[in-house]
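Structures follow.
Same chain, two partners: chain A is paired with chain B first, then with chain C.
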Partner chain A sequence: MNFQRLRNFFGNYIFILPALALFLVFSLYPFLKVFQLSVTGWDGISPQTAFVGLANFKDLFTDNPVFWLSMKNAFTITFLALTVQNLLALFLALLCDRDIRGGNIYRVIFYLPPVLSGIVVGLIWNWIYDGNYGLLNHFLSFIGLGDLSRAWLADAKTALFSVAVIHMWKGFGWGFVILLAGLQSIPRELYEAARVDGASSWVMFKNITAPLMIPVFILVSILTILGTMQIFDIIISTTGGGPGYHTEVPITRILTTMIGASKFGYACAMGVVFGLVLLAISMVQIRVSRAMRQV
Partner chain B sequence: MVWHWLSDRDDAFRELAARYEGQTGVKVKFDLYAPSEIYSQRIKAAVQTQTLPDIYGILGEKQDFASFIKAGFVEDLTGVLNAPDGGVPWKDRFFEKALGVNEFRPANPYGVAPGVYGIPLDMTTIQMVYNKKLYAEAGLDPASPPKTWEEFLAHGRVLRDKNIPRFVSGFGEIWMIDALASNWAMNLMGEEKVFKTYEGKAPYTDPDWIRVLSLFKQMADEKILVDGAVTMVNKTAEQTFANERAAFAFNGSWCVNVYKGMNPGLDYGVFPPPALSRAHPMKIWGGAGTSFVVNARSARKLAAVEFLKWLTADAQQAFLSEQTQNLPSNKNVSGQIPPVLAQFSVGMENVTHPNVYPVHESPEVTEAFDKGIQSILIGEKTPAEVAQAVRRVKEKGSR
Partner chain C sequence: MDGILVDPTDVNYEKLKKNTVSFFTHLFLITVSVACIFPLWWAFASSLKTQGSVFKDLSLFPRDAHWENYVEAWTRADFSRYFLNSLFYTVTVVLGVVFIASMAAYAFSRLRFRGRNLLFLVCISTMMVPIPGSFIALYVLLNKLHLIDTRLGYILPQINGGLPLGIFLLKTFFDDLPKELEDSARIDGCGRFRVYWHIALPLARPAIAVLAIFVILAVWNEYLLAMLVLSNKDLMPLQRGLMVFQGAHITQYPLLMAGIVITVLPVLAIYLLLQKHIIKGITAGAVKG
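Entry: the complex of A and B
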């Protein structure tokens, strides 16, 4: 009897064993390893890893202004993505939610940029932003604004915003799809009843669409923040973090420290701090979302 | 098994592997991992899993090379290089400068046992190139590129007056800035003073370093660089020059193959970076372009060495040079290279490279220096400000 119970007990666990093993090996172990390496001076090659205590963290917090500048740059791009990108995605989702002609074609078109590789997108925009033969400068000259022409990615005033525009162009399709799915899940009867009562489009948006879309807005904003803070492929293929440090972001700093300077331990400390920042942001957002749901 | 990152040479390598198998019956497999950043990560991951191939290349700083050796993943080839091969030592086949990149001298700062740890496949030098057609259009003599900095500026002004874009380089890849700046630094103050700075015995705020940084300020003031070059990757810079949208470029000898692919009719010449002073020679970056090492833990070490001997023999080197338009590391076949490529080999006696320096600057200081030059080029910082910033990073590293 006992054997039967034991067999049943372990039999159940055997079913989750493959998933558990994958999780332990590919998620939990690397996660813990990063913490372990962050307190070492490992160069990424040597079999020995010298323990340095919290020295990496101390240096990061007290004597690494470039890392914090990269964090600020990532926050700037994230703020733009949260506002401009998501507003655009919402606007387009609202348009496509109406039964407009060719709606499916628009959906495909809007969803195309996110499926392209970041490197490819970067190369395309390099050409658009080119200071000498770029499409943007040609367009500006065509409409009489030739004075604004510049090498957009090499100018300290415009480099970060130019990169942000590329990121938003590539990313708005995700938000669009999720927001559109959310809009389509709202029962149509609510709008019909409101319309019978004489409600305008704005009133319907304010009192029906927005409240029911709050969980979707939260999901989109969390994905936007986490996705944008980790931006790097577009940066690598456009500016490489330059000119100077104007478009450096945390991941490019981590990569430079890890591959360029062979300071794996220090790079892991950067990764830990960056991960904690992302965790803190996510926690704040979850709290805000709970509060908003209660309103 | 050979791992490499050279996408432009992959076909030639495969052809040579097939020939080797035909001649010896030994099968050699070349695996390409490109681009180079991916390759670097691949071999570092393979170190951890102890799955490095029999032959591979190491990219990056000399410090990385040393780490691979100290971890026991690179065979010391000094013995086989000195051993007779067909009557003469294998090492006599190579240009001395080509072997130097792979050599660790006695009492080196890395604590590596002295010896030669890699085999050079080809040579490279990084110099200036100029478009002869654009030169003629501007009324300049296509046979007389600038020799001095003043001439460079003067020729630039002539080109500007004819609305010809002047200078392009992939300064988005900051090592290219480093190469050009260190050329000028060594020309202006000599190698010794540069190395003293690296050792921390001379400051970056020294007037000579300020003068080097000021050259980039002059470039910015004269608008010599084409728009966007500050963040441009070298591939884009190569396209710009190949499409005749710039009269000058700073590029390596590998560009001969690249330009041939982009614009076979491009008429250009090669010259060393314009000199600032006659007091010291104009050093140029170069030496071994690509080197392979033998995995010390491979069970097929001897077979790997035999293959590398075959690969660096005259016939194979001539084939590689012809196919890939790179300077061969084997000095016996240097007479068989195209004229433009031969121009890149002029001045080989002044070739240097960070991997052969007796002292090395830290990556943090190098990055601060190169990024600082980017800031100068966009008019954001002055040479003095950059020098101060680099000095601070240097002092932090010394603490």
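Entry: the complex of A and C
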């Protein structure tokens, strides 16, 4: 009987053992290890690691303008994604919410870019933006704006914005799908009742759609921020961070510090700071949205 | 005459207004749709041109299609190898995630043991907390375990990466599943594992399908880990292969585009076949969560 109970006890754990083992080794260990390495000057090779205290962090905050530039770049792209991309997504979702013909076909098409990889998308757009053979320049000279043509991704003035456009092209369909699902979950009777009372479309949007959509807006914004701040594939396959540091983002900086410069400890400190920034953003966002919901 | 045109109660006016709105709505939606499809189509059209014509000939339907570009990309540019690698990684990671996640999800939903809820939260915690930079330590770990530049080193972290979603999805599914069938099997003398394997798992097929789709897309499109872990060309998946090809033959656009089409085609096929499940999966998770 005792043996049976013992078997019973362990038998249940065996079901979760593989998942737990993988979690411990490949999630928890790296997570903790990042913090530990961030206070060392480890180069990735030497068997010994020197404890340097908070020196990495001090250097990061006082003497690493490129890292903060990369953060600013990511913020710029994120800001554009939050405004331009999500407004476009919302506008399209509102259009498709009206039971229009072919609504499902549009949905299938808009979600096409999000299922592609950042590498593929970047490599295609690379060529669209090309200075000599790019489609965009061809198009501009076709409509008589030839003087605007340039190597869009190699020009310091346009590189960051061009990368942001690629990112938004890839991302708006995702926001669209989620926002549309949110819109479709609003009971139709609310609109019908408002219409009977003579409410205009704008009044209905302001008083019915927007308040009910707040949780969906929050979700979309948080995921947009977290996703965009960690942008990486599209940068690697287009500019690689250049020209200069004009399109560097935190992840590319971390990779360069780690693989390029063999400063593993320092790279971990960057990862910790970047992670805290992301955490802070999500917290602020949740706070703000809670306050908004109470108004 | 004027009176009729501006009379808002007039049926014709209403109809005209409705048609105008509908026209502009579709015009806008179609423009955006073209913007979505055009770059892909253009990549495809370019893959059929020659190195000499690709920069001059901007046609979207090339007159003489050079399908041999695909043969060359497939054989000489190594895309066959990258493709088979991607296929292998995708299949193994999907199998790993489905098997391990379903077992854990079944336990979290059906079996009673101490710490069940806490362990469940622990298992799905990585879904909530973004940890950029933990890939540095992952690299260090794989190095220590001598898993750098091995298939296993690329597969295991990805199986782990798929587990939180898998466990969450399948536990929710098992929670909603009636227990009668399993109970009667138990009475007939089936052990826990056989109940799970022969009864619960087959019933979970719809949820497993959704999970598999998401894991397939994630693994097929993965790049960061491939870049960190794999430097041997024989082990590289397509995304990594594309970047290597681009780095080595920066100007061979038709072949690069052929490689892109080879990379995209399976994703496209899966997406178009299963788009209903994919879109339902995203929105269900998002609107509920």
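Here is the rule we go by: the second predicted complex is superposed on the first by the 269 of 295 C-alpha atoms of A that agree within 3 Å, B and C clash if a C-alpha of one lies under 4 Å from a C-alpha of the other, contacts with A are read in each partner's own complex, and residues count from 1 in each chain.
Definition applied: contacts are C-beta pairs under 8 Å (C-beta built on N, C-alpha and C of every residue); 3 or more make two chains touch, one makes a residue touch a chain.
As the structure is a computational prediction, the values presented were derived from the model and not from experiment.
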So, after the overlay on chain A, do chain B and chain C clash or fit? They clash
| said: After the superposition on A, what does A:S27 contact: first (chain B), second (chain C), both or neither? | reply: second
Winner on chain A touched-residue count between chain B and chain C: chain C
**Message:** Between chain B and chain C, whom does A:G175 touch in the aligned arrangement: first, second, both, or neither?
**Reply:** neither
Looking at the overlay, does A:I16 come into contact with chain B only (first), chain C only (second), both, or neither? second
Considering only the touch criterion stated at the top, classify A:G44 as touching first (chain B), second (chain C), both, or neither. both
Taking the superposition as given, does A:L112 touch the first partner, chain B, the second, chain C, both, or neither? second
Is A:M270 touching anything from chain B or chain C once the two structures are fitted on A? First, second, both or neither. second
Inset, instruction - Could you look at A:L226 and tell me whether it touches chain B, chain C, both or neither (first, second, both, neither)? - result: second
Clash check vs chain C: of 39-47, 57-65, 183-191 or 363-371 in chain B, the offending stretch is 39-47
Both chain B and chain C touch chain A at residues 44, 132-133, 259
Chain B partner, complex, touching residues on chain A are 43-47, 63, 126, 129-133, 150-151, 153-156, 159, 238-240, 242-245, 256, 259-262
The answer for chain A against chain C in the complex is residues 9, 11-13, 15-16, 18-20, 22-23, 25-27, 29-31, 33-34, 37, 44, 88, 92, 95-96, 98, 100-102, 106-113, 115-121, 123-125, 127-128, 132-133, 135, 138, 169, 173-174, 177-178, 180-182, 185, 216, 219-220, 226, 230, 232-233, 236-237, 250-251, 254, 258-259, 264, 267-268, 270-272, 274-275, 278-279
Note: in the complex, chain B contacts chain A through residues 37, 40-41, 44, 47, 60-61, 63-64, 67-68, 70-71, 165, 172-174, 226-233, 236, 245, 362-364, 367, 371-372, 374-375, 377-378, 380-381, 396
Counting only contacts in the complex, chain C reaches chain A at residues 22, 25-26, 28-29, 32-33, 35-37, 39-40, 42-43, 46, 55, 58, 100-101, 103-104, 106-108, 111-113, 119, 122-123, 126, 129-141, 156-157, 159-161, 163, 167, 192, 196, 217, 220-224, 227-228, 239, 242-243, 246, 253, 256, 260, 263-264, 267-268, 271-272, 275, 278-279, 282-283, 286-287, 289
